[in-house]
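Here chain A shows up in two complexes: once beside chain B, once beside chain C.
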Partner chain A sequence: MKLSCLQENLKNALSIVSRAVATRSTLPITQNVLIATDGSRLKLAATNLEIAISCWIGAKVEKEGAITVPARLLTDYTSLLPNEKIDINLTKNTLHLKCARSETSINGLDAADFPPIPEVTDGINTKIEREALRDGINQVSFAAATEESRPVLTGVQLEFDGDKLILAAADGFRLAVHYTSVLTPVSAKTAIIVPAKALVELSRFLSDQDESVEIIVNQQKSQALFRLKNVEMVSQLIQGVFPNYSQLIPQKYATRAVVDLTQFLQAIKMASIFARDGSGIVRMEMTPGPEMTAGKMNISARAEEIGENIGEVDALIDGEPAKIAFNAKYVSDVLGVIKQKQVALETTTSSSPGVIRPIGVSNYVHVVMPMFVQW
Partner chain B sequence: MVRSILHVDLDAFFVSVEQALVPEIRNKPVIVGGRPDRRGVVASASYEARAFGVRSAMPLSKAYKLCPRAIFLQGHFHLYRDFSSRFMEIMADFSPELEPGGLDEAYLDVMGCDAIGSPREIATKIRGRVKQELQLVASVGIAGCKVVAKIASDLSKPDGLLEIAPGEEKRFLAPLPVARLPGVGGKTEQALKKMGIKTIGQLAMVPVENMKLRFGTYGVMLHHHANGIDDRKVAPYDEVKSISRETTFEHDTLDQRFLEAILWRLSERVGFDLRSQDKRARTVGLKLRYADFETITRRLTFKAAIASNEAIFDAAVQLLGQALDRKRKLVRLVGVGVSNLVSDAKQLNLIVSELQRRELVNKAVDRVRKKYGFTSIQAGRTFALKDTFSDNESA
Partner chain C sequence: MSIRLLTPDVVSKIAAGEVVERPASIVKELMENSLDAGATQVTIESQGGGINLIRVADNGSGIPASDLELAFRRHATSKISNSADLEKISTLGFRGEALPSIAAVADIEVITQSTGGITGSYLQLRNSTVVKRERRSRPRGTTITVHQLFRHFPARLKFLKSLTTENSHVANLVSQYALSYPEVKFKLYIDGRQAINTPGNGKLRDVVAEVYGLETAQQMLAVDGAREIPSITGLVSPASLCRSSRGYLSFFVNRRWVRNSTLFRAAEDAYQRLIMTGKHPIVVLDVSLPPQEIDINVHPTKTDVKFRSSQIVYATVAKSIRNRLVSAPLPRVEPIAPQAPPPAMLWTRQGDEAPQPPTFRPEPINMPILRVVGQLASSYILAEDPTGLFLIDQHAAHERILFEKILAQRSQQNVEIQGLLEPINIDLSPKQDEVLKTRGELLNGFGFNIEPFGGRTYLLRAVPAMMKSGDLAEAVRTLLDSIAIDEEPLRREEKIAQSLACHSAVKAGDSLTGEEMRELIRQLEQAAQPKTCPHGRPTMIHLSAQQLEKEFGRIR
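Coming up: the complex of A and B.
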């Protein structure tokens, strides 16, 4: 193998694929990155056996070849090189890099021993706009469970139906659902569960160069491929049945408060300082205004030993006065991913799920269970 | 302003409840704790039995030797709990500043309750109502601080009322042996004796610095208490910091199945108490006493707080296995405890997990037990123990 490429391209590619490098592994070669010529381009790939990321960069290829080298070492080294041309040369299993006035040799392992990156070709195939996918991932992935006791909840369900796509995630206390559409309709209704971690990685490297993302799911629904212009990610899919969430979304409310998102978030953050030792409990009291005037929402928290905080925001209230308590983190999490200026909080009783929706769009709904408190 | 604190203590509580319900055993030596041919200790002894030298916490076999004609009772703990709450309700009628110190005693701050009467009048009224409504006898100590009030009620027993006037605390305490101070047990008593200190008066004269050097902060507290100084408040809500249960076996054993059955039973007990207080625990502890009285404790701490019997049991079994792997000796006693308590998060569930479902089952069983008694519903695992524990066990 003999080629040359630009330091900046190599550095960027390494930073993308290194997200898939195994940190602890029984298979040492998964801590390496695969470097291989692919036509007139250079391909880099890494896998932790759950996800695999491949990235292509432009190169001047003189001689074909492939090798794997320790990912961390190569990434650290490359990031320190000046932004100039790097000459790469492979002799036996040693990779030589020459850039400006630096030269290095890195011992590698045979590329033939590298776990094959799964090819996902058959099954359903569609395309989605980059921004649509990114918004969807951002608005639901944080609601997925982080503990592994219920594997399906650590994933995000992607439900394809015609040109509709619904992303949903839940962790037992909350549920986030985002409705969007794909550019090319799928041939058959399909639902898959993608590990939330994989989608978060994907959203990180969706760049401005990528107008759309191609999604291919294999027939067994065991793997999905996300193809960007120069990057591909293959993820194993979580097997199992995702909870039937539509029945968890309340269909009506007794009280609906529309508030300014920035004010609401600010009040929640202030209250959460006092909610830290009390299991993060923030209390909300919604009071309608008299005769067609705006009402208000009080947001308060107290810590037994420290003190308490009460904040007030203006609210347009439809329905009865209401009280409800939430974990502050759950509320600030959802407010943090909504881009609209206003949100609505809908409640029925203080012990039934609350619903938060952005005002002005109908593509997102977030359900969060309250906390039981003595008022 | 001078504080007025009452320490109200029921005389021979368990035995007195038994006697209140069964007139035939009144004025007789009665011992609650269990059958004298079983292992176990005296939980409560009537004054008639005490005349023979029987004391609380004494092995039942010894009590039997001292007083063979005593009436030995297994005890009815749910009744004691019931009497206890009625006792607390009586006192709560006089002041909201009530701090229970177990089932049968409580501190009551009556400062500012002059409208009801002087502290002595309130004490007399409480004693009267306890006698009339519960047919029990309460002894009361009155003083300006908790420690002196407690010692006064102790000294006034049985059926007594002792008021220590403000300024008289030191003179009252001085002639008493140090063991009268709450918290001074055998070891401290011996240590003090070596320093030539036998009475509280002598203890009061030891400079606080010396006490601190010898006993640390505990020594400073002793110094203050010996001088009749105690500014602890009567705290109505004494947060529970840990919950534990232990049991001594009839025969020393290494029988794994028996030990696990016992651990399950203790875990159920601890879990029941934990859930009744709306708490969860991050730490599970195991106490083990070998036949040779060597006693060890082991702990396991989790990231997420737990509340189910199963989680407590699993941890206890793991700790037992580790302890026995290291030292295989016959076991005389095991105990299970939880600490690092956090209040039950109260986060309601949108989707119920397997673990939570188990806790819900636990809670449903708890409700049955609260209504029909602990042994009304049993796990198969503890079936073999049905003769070991009776319905009114305290363990």
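Coming up: the complex of A and C.
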């Protein structure tokens, strides 16, 4: 293998693929990055066996070849080089890099031993706008479970139907559902569960160069490929049945409070300082205003010994006065991903799920289970 | 074979001792008799913890009218006749002890109809003497009713535990024999309520479904070592399915339920490094080998056996399970925390001098104000104060903090409860079911919201807010197991708090941020007993500045 490429391109590519490098692993080669010529481009790839990321950069290829080298070492080294041309040369299993006045050789492992990156071709195939995908991931992935006692809940369900796409995630206490659309309709209705971690990685390296993302799911629905302009990510899919979440979204409410998102978030954050000692309980009391005037929402938290915090925000209240308590983190998590100026909080009783929706768009629903407290 | 008295030389070779310790012992003996009689249906009733009444009815071969009174004489049995038979026991009973031992401590009624008998017979005994005998008819089989256990033995009665505990022992025994005899239909009624009902269709998996729940049954892996010697057959849990107590390990030797340390060890060793330390598998295994290879005559209650070649038994059981586990799809093993190195001599263990048992309102113990230095092996927090270095076990420390918080919230009636978006199904064993029925209120008080959902299935609707993550159904089962035994109510509350704290605390192996470590230390400083975890183990060890200087040879 003999080629040259630009330091900046190599550095960027390494920073993308290194997200898939295994950190602790029983298979040492997965701590390496694969470097291979691919036509007139250079391909870099890494996998931790759950996801695999490949990235292509322009290069002047003189002789074809492939090798794997320790990812961390190559990334650290490359990032210190000046932004100039790098000459790369492989002799046996040693990779030589030459850039400006630096020269190094790194011992590698045979590329043939690198776990093959699965080809995902058959099955369903569609395209989605970059921003639509990014918003969707952003608004649901945080609601996925982080521990493994129910594996399906560590994923985000992607439900494709015609040109519609619904993303949903839940962790047993909350549920986030985002409705969006794809650019090319799918041939058959399909639902897959992608590990939330994989989607978060994906949204991280979606760049301005990528107008859209191609999504391909294999026939067995065991793997999905996300194809960007110069980057591909293959993720294993989680097998299992995702909860039937539509029945978990309350269809009615007894009280609906529309509030300014910034004020609401601010009040929650203040309360949560006081809620820190316990399980982060914040209490909300919604009081309608008299005759056509705005009502208010009280947000309070108390901590033994430290004291109490009560915040008040203006609210347009529809329905009965109501009281409900939530884990502060659950509320601030969802408020943090809504871009609209106002949100609605809908409740029925203080022990049934609360619903938070952005005002002005209808593509997002968030359901949170309250905490049961004495009032 | 008809019932005969054993000769004194045979009797002298039989392990003697107390047969009836508690109501469940009676259930065991009567069930074993039914199974020896070839019954395909056994119905057990227990009332008032088995003290008021135990009734076992079967459709086995019955007792011939001519033998009936003899059956209640000591050392009268139809199952062996000479010393040589003792070497090759193939029935569950062999001593001729059970019925007379029961008759000695309770009132008994028997109705039995034997194969080929013309009419059935009825016998009533009080204080071991026959008070009534008549002809009564009944379909083939035997019904034995035991009334007023230990009525004349108030001391023994006092020794018994609560009705809940006695019921749970009964339920457990019936569960075990149901698992051992899938072809027999077992029904258990506790105070009129059906607690167990197995199909008796010969399928072990169906019995497991009845006892441990369908979900568990579906995941169990079949072990089929029928060609091994000894032959090993049954069901074992995949590594991904484990429990927090040893109570789910059932072993049968030639279908007799035994509690044998060789078998326990073999099974647990087979799972070693596949499941987390502190977790235990679910195992239902029958070990079958020629009767000459075992000695059952080691314990008066026949609940243990001696293997002639215990090494071979150990190896075969461990290997059969291990092979099955390895051939199963790879489990997702949760990371196991690295084993802590044994503390070197220069460390003084802070908890050592007084490993205080957890007390409800402990004397406050001061803790130094610490500065966090870093984290070691994702398990210990390194911290210092002017006197030297502290190593803090993050799990133990967090357990302590949560334990006190739980008890404080509980005593202030201020428990923090988090609702579940979707209720979680919990399948309980008959034993756990009994505990929940009688002590459910207690769990309620700690923030669990559990609703019956038919049979032994329940819906979990809310949990104490701090426990949120992890396998919540399993956490509830663990809790029920931990409060099954009797003790003072206060101690029981502590056990619940311990169990909740253990479930919710950070685990060894979790890496913590600097902020999280400082917060943990801050909260530990406020704990009443910061230096020991709720189980009494130390939360921290201290290396003094002097010790350090000495080790480095700066001072002598």
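The criterion applied here is as follows: the second predicted complex is superposed on the first by the 375 of 375 C-alpha atoms of A that agree within 3 Å, B and C clash if a C-alpha of one lies under 4 Å from a C-alpha of the other, contacts with A are read in each partner's own complex, and residues count from 1 in each chain.
Convention: contacts are C-beta pairs under 8 Å (C-beta built on N, C-alpha and C of every residue); 3 or more make two chains touch, one makes a residue touch a chain.
Just so you know, these numbers come straight off a predicted model, no measurement behind them.
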**Item:** Combined model on chain A where chain B meets chain C, clash or fit
**Value:** clash
**Request:** Based on the superposed arrangement, let me know which partner A:P250 touches: chain B (first), chain C (second), both, or neither?
**Result:** neither
**Prompt:** If you stack the two complexes on chain A, which partner ends up touching A:F372: first (chain B), second (chain C), both, or neither?
**Reply:** both
**Request:** Identify the partner contact of A:P115: answer first if only chain B is touched, second if only chain C is, both if each is, neither if none is.
**Result:** neither
**Item:** First (chain B), second (chain C), both or neither touched by A:G319
**Value:** neither
**Asked** Taking the superposition as given, does A:A170 touch the first partner, chain B, the second, chain C, both, or neither?
**Response** both
**Message:** Let me test your reading of the model: by the given contact rule, A:L153 touches which partner, first (chain B), second (chain C), both or neither?
**Reply:** first
**Request:** Kindly classify A:S351 by the partners it touches after superposition: chain B alone (first), chain C alone (second), both, or neither?
**Result:** both
**Item:** Clash-bearing segment of chain C, relative to chain B, as chosen among 167-175, 221-229, 329-337 or 365-373
**Value:** 167-175
**Request:** Take the contacts of chain A with chain B and those with chain C, and give the residues found in both.
**Result:** 147, 149, 170, 172-175, 243, 248, 279, 281, 327, 351, 353, 367, 369-373
**Partner chain A, residues of chain B touching it in the complex** = 304, 342-343, 345-356
**Request:** Within their complex, state which residues of chain C touch chain A.
**Result:** 332, 334, 405, 413-414, 416-422, 424, 447, 449, 462, 465-466, 468-472
**Item:** chain C partner contacts - residues on chain A that touch it in the complex
**Value:** 145-149, 151, 170, 172-175, 243, 248, 278-279, 281, 327, 351, 353, 367, 369-374
**Request:** Over in the complex, which chain A residues touch chain B? Could you list them?
**Result:** 147, 149-150, 153, 170, 172-175, 243, 248, 279, 281, 327, 351, 353, 367-373
